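Note that chain A is present in both complexes that follow, paired respectively with chain B and with chain C.
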Partner chain A sequence: MPVSCRLCGGSAILKRPKTGDALCKDCFFSAFEAEIHQTILDAELFKKGERVAVGASGGKDSTVLAYIMKLLNERHDYGLDIVLLSVDEGITGYRDDSLETVKRNQMQYDLPLKIVSYEELYGWTMDAIVKQIGLKSNCTFCGVFRRQALDRGALLVKADKIVTGHNADDIAETVIMNVLRGDVARLRRCTAITTGADGALPRCKPFKYTYEKEIVMYAYFKKLDYFSTECIYSPNAYRGHARTYLKDLEKIRPSSIIDIIHSGESLSIKKDVKMPTQGTCTRCGYISSRPLCKACVLLEGLNKGLPKLGIGKEHKERKKLALLQAQSFNQTIEPATSANVTTESSTPSSSSIAGANTVPQRIDF
Partner chain B sequence: MAAPMDTLKSHESGSDGLSIRLEFSGGAELLFDKIKKHDITLDTSNGSNWNIRRLISWIKDNLLKERPELFVQNNTVRPGILVLVNDADWELVGELDYNLQADDRIVFISTLHGG
Partner chain C sequence: MCQVDEEGISLLEKKPSFGASSRDCMKCGDRAVVIARIKDAFCRSCFLTYFVHRFRATFGKAKVIRDGDKVLLAFSGGQCSSAMVSLVKRGLDQSTHKKLRFTPALIYIDEGVVTGQSKEERATTCQKISDIMKETGFPWYIASLEEALEIPAQNSSPDTCQAGSSFHSNQDPNTDELAGKLEGLCLETEHTQRCRDLLASAKSLTAKQDLVSNLRNRLLVHKARQLGYHKVAVGDSGTRLSSGILANLAKGRGASIPVAMAFADDRWSDVTILRPMREFTTKEIVMYNALFNVDSLFQPTLATMAGDYASIDTLTETFINELQTNFPSTVSTVFRTGEKMCTAGSDDPDAVRRCSMCKSALDTSVGISSALSATRFSLHISRKEGSSTNENSCKATKPDDATCTDSSSEQCCGQGDGSCHSNQMKSVSAESLSKTLCYGCQVTVRDMDLNLLPSYIVEESAKIERRSRMRDEIKDFLLCEES
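Right after this comes the complex of A and B.
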């Protein structure tokens, strides 16, 4: 007893999680593509003539994103110049394999590809970082470095914008995580379809309302070539729990995912809640709410053999940095009075910290 | 890239058995020795029906190589694993209660693996 397509009466292949509609393959393809096109139009994500870097990992979301961006760009004459941009974290047996998938996508979709590596940007591969710090907190390093690496890569290819494959499930998961952490500033930002327009390059998420199930089904029926594996350095455990919770909710009521995003969008923050102000990193120029951006703090820790520097509570981190700074003052400026050194040390400036082997190249964001 | 061990014959097809094809992808194959396609024959000698509920428990006992909790939970597949019956969403054909037919192709795709 085959179920028939709600739109054309053909043989249905999928029950849509968002609507509950049963659709045939062709009607699913057109609904999926049309909705993403509509999201792009409604949010005015692009302007004609822009160069758009697609953050491409070789995984399901970014593979489908690259395919869809090319398809919609041609079908609706967006007039975009699309580039694939990949980050090589330097994880043997994981990223090197997935980068092969991106290279195949580059040929299949006939799009230019740029790969930037942690090694060239920071002087450290993730393999080397894990050797130094072990398997705790390594995801923090990777996450912070990846975010900047995409921006740096996009600037290198002179892109106007970055698009990423974050889907509705990812965003709902981030809302839950920010609620659990009480991170009000991120909670407010995380449902925005475009972020970073004020500082670095704008980033957009054309899949903001697209369910992961549909992305995977689309890839399956279109026979798109993607890579799926687990990172060998154990997945982010906290996010894993949030994901499991979300998938359990989706099973009971599929609309949960969109509902959580809607809750995130509808939150308003009381006026008297203090928000961090966005400035720029005094060392590398990247957007940061503190004098030094997280990547520079993490990198400094690595280079000084204090890898835990950027991990953990903020006040502890600052104390350690102040201590480090005081030490380097004492070493470099011998005759300075020690009173001067200890009182100034809570706000580090780029000139006062010596000894970092690798400082990310300064780029004007 | 077709791996040499892409297809595994778990059982020789006998005269009284239900032969079906199983496929694991999207990362689910990692729990099955990275083998994506399995042609299997289910025992029908006692005349009972095979539905997907029973199949999942059979897979757990006979094919799963590691970390079973990443595939099976509460006698069904873990939420986040998509199931297709002859290229149709199992939600359209009764999910666990679907009765397997000869030569059915059942695909399990994990959505839980990043990239």
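Right after this comes the complex of A and C.
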């Protein structure tokens, strides 16, 4: 049963999940690439001469992203300086393997690569964190730390922008998650193609309108080398519900994913709803809606042997923090002038933390 | 409208193992019989007080109803609307203070055509429903869903109060000649077959359900207008509205979430839809009905026995219900999230351009970097010849531009045998239709035969088209930019 390509009439090899059209390999490639290019143009993601850090995990999205960024940069003369940026969370048997993929990609695509590790930034690997916290809530640490780690790494390589491989499925899933969690502030900004333009480094998602399935198809037919293993630490259970729901929706109506993004884009929040105001962390200078950013709270919890400090109810967290601070004031009277000092004195490797603390200070000016 | 929630009933029976009997009422200390909300144990009478108070408070908070207003209660025979009618009756009966201050009437819309019931089956149902409605002592009316196809396009000044031909009412509930009347009523008109064809042309259950609810809402509003009511109360529970929020999100109807869940839905200028049951979960409603012997009549709908994966609505309902059992605050969280949303630029409700199908504000004038234009570009690029032309043509892909919408017309005309063009009815082009439909309705219509669409949609969209052409002609002489 030969199906002919809708565009060139040749023999089709696939049905596009996004539009349902049968296409041959080459027509799919050109359509896929043209769409990403169009997204980049429409949203004016880049300016000539910018240095762009591609968040590379070795997974399918970022592998295709790195490949296509290089391709489009050359084809359409974006004039971008592309750098690969990886975060080493320190997960044995998972991240070390996927980093090998990134290193191979670096050779294949001939792009510079920078790896920042949780260990050097925070003094903790995920392996060590999981030993403390167990398999529950460990994704909170990983997620919060990674966000900052990418920013810090991008600053180290002097990048102007970070691009990540978040695809349409990821964004649709986040919209659903934020509705389920009632997180109105995030709901409002999660569909933006570029975020963080005002605070730290802007991040953008060229795959915002690209179906995950098409990314896999592209990687498959281009024979791109990527790493596809689930993280060995338990996947986030609640997000799993949203993911399953989304996949089921896609089965019922393939356009659902884009439909959800459209919904998210056309939502607006009542003006009288209280929104968190964005400020900076008093300790590390990173953007934060609270006096202390989440990473600092989590880190402090880890360093003080109270890993649950940053997890759970807000008021409980504050109470505990106050209690902790009171204790630390009592215990160490001499260096207890600022919270910053207490962190340094109690970390196992103060040199690496001092290094980490100098980085975000650059965000300040 | 509301289905029997079997889960709610089984929970009620499971109560002993649940531990409610061992708990005391949190109000009066008597033995508790139900657990409302998440963990509030109540005895029978305190539950009633709580339930009735909440119902009245929902009305009170909204301040929409004035003394002596006439309110049409949409009664489907299901759990939620039965509870609503019972609560209204209670509120009016009460000799105590804080009486409800409006004049209610009931309306039942027979949807037998949707599930393919025979004339006799439908007549039996109507008979049963009319018996229940008679008991309330309120004036009541019955209409059939296919009458929605006769509705003329909405006039800007809705003073068309001619009585519908197949429309039957009984102002005096004591007259007992209903059976005869019901026999000759609604069922089996020329529109019945048209309605069947329309439903059959919808390729997905999701589109079918959307269409049915659209027809139902239109008919409710239309009937209310004819009968001189300006308010229609529907029985949607909080659980249903929450899953509606998520389903609307999934159907690309994000922009209409605020009106779809508001207490007062004002998308029709002259008739307001009220949702007085929105503060209750379906479980609470089922408990109330069980404890206070409120009768309801189960009726099959499109989704009955269709399975969880049959449509976006059924999937979402299952999803929300499953989450709710594991995370009891799911419904209320989603509900509260929905309450914080508003329609963009809703300062002046009259100035908003509205979808000719669902009447919510049009959400299709979006920027160049948007899901809508990205989708259009995708369709364009994987359906049109040559990738060399995409540079210039995509620049022209402005949201309201028609270049890329021809894909849907291809879909429509491709399936028949060209009958689209030979149809004697005022046929509508997919292109002009899509200009007057919101994103979500465009998705729905994509699954249907455009020529069978109800005339209220087609005519209205044609009218909007004519108006915009008129506007184009005179635009050079207009002094201010008005929509």
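Here is the rule we go by: the second predicted complex is superposed on the first by the 331 of 365 C-alpha atoms of A that agree within 3 Å, B and C clash if a C-alpha of one lies under 4 Å from a C-alpha of the other, contacts with A are read in each partner's own complex, and residues count from 1 in each chain.
The definition used in the following text is that contacts are C-beta pairs under 8 Å (C-beta built on N, C-alpha and C of every residue); 3 or more make two chains touch, one makes a residue touch a chain.
Only a predicted model underlies this, so the values are computations on that prediction, with no experimental measurement involved.
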Touched partner set for A:61, first chain B, second chain C, both or neither: first
First, second, both or neither for A:184, with chain B first and chain C second: second
Which superposed partner A:248 touches (first chain B, second chain C, both, neither): both
First (chain B), second (chain C), both or neither touched by A:21: second
First (chain B), second (chain C), both or neither touched by A:227: first
Chain B versus chain C as contact partner of A:156, first or second or both or neither: neither
Residue contacts with chain A in the superposition, chain B compared against chain C: C
Contacts of A:3 with chain B and chain C, given as first, second, both or neither: first
Residues of chain A at both interfaces, chain B in one complex, chain C in the other: 248, 251
Residue ranges of chain C touching chain A (in the complex, touch as defined): 204, 206, 245-246, 248-255, 257, 309-312, 315-316, 319, 323, 330, 333-334, 336-338, 340-344, 363, 366, 368-375, 377-379, 381-385, 387, 390, 394, 439-440, 443
Residues of chain A that touch chain C when the two form their complex: 6-7, 16, 18-19, 21, 23, 27, 30-31, 34-35, 38-39, 42-44, 175-176, 178-182, 184, 187, 193, 208-209, 241, 245, 248-249, 251-253, 255-256, 258-271, 273
Touching residues (chain side chain B, partner chain A) in the complex: 25-27, 30, 78-80, 82, 84, 87-89, 91-93, 107, 109-115
Chain B-touching residues of chain A, taken from the complex the two chains share: 2-3, 11-15, 22, 57-63, 98, 169, 212-213, 216-217, 220-221, 226-231, 235, 243-244, 247-248, 250-251
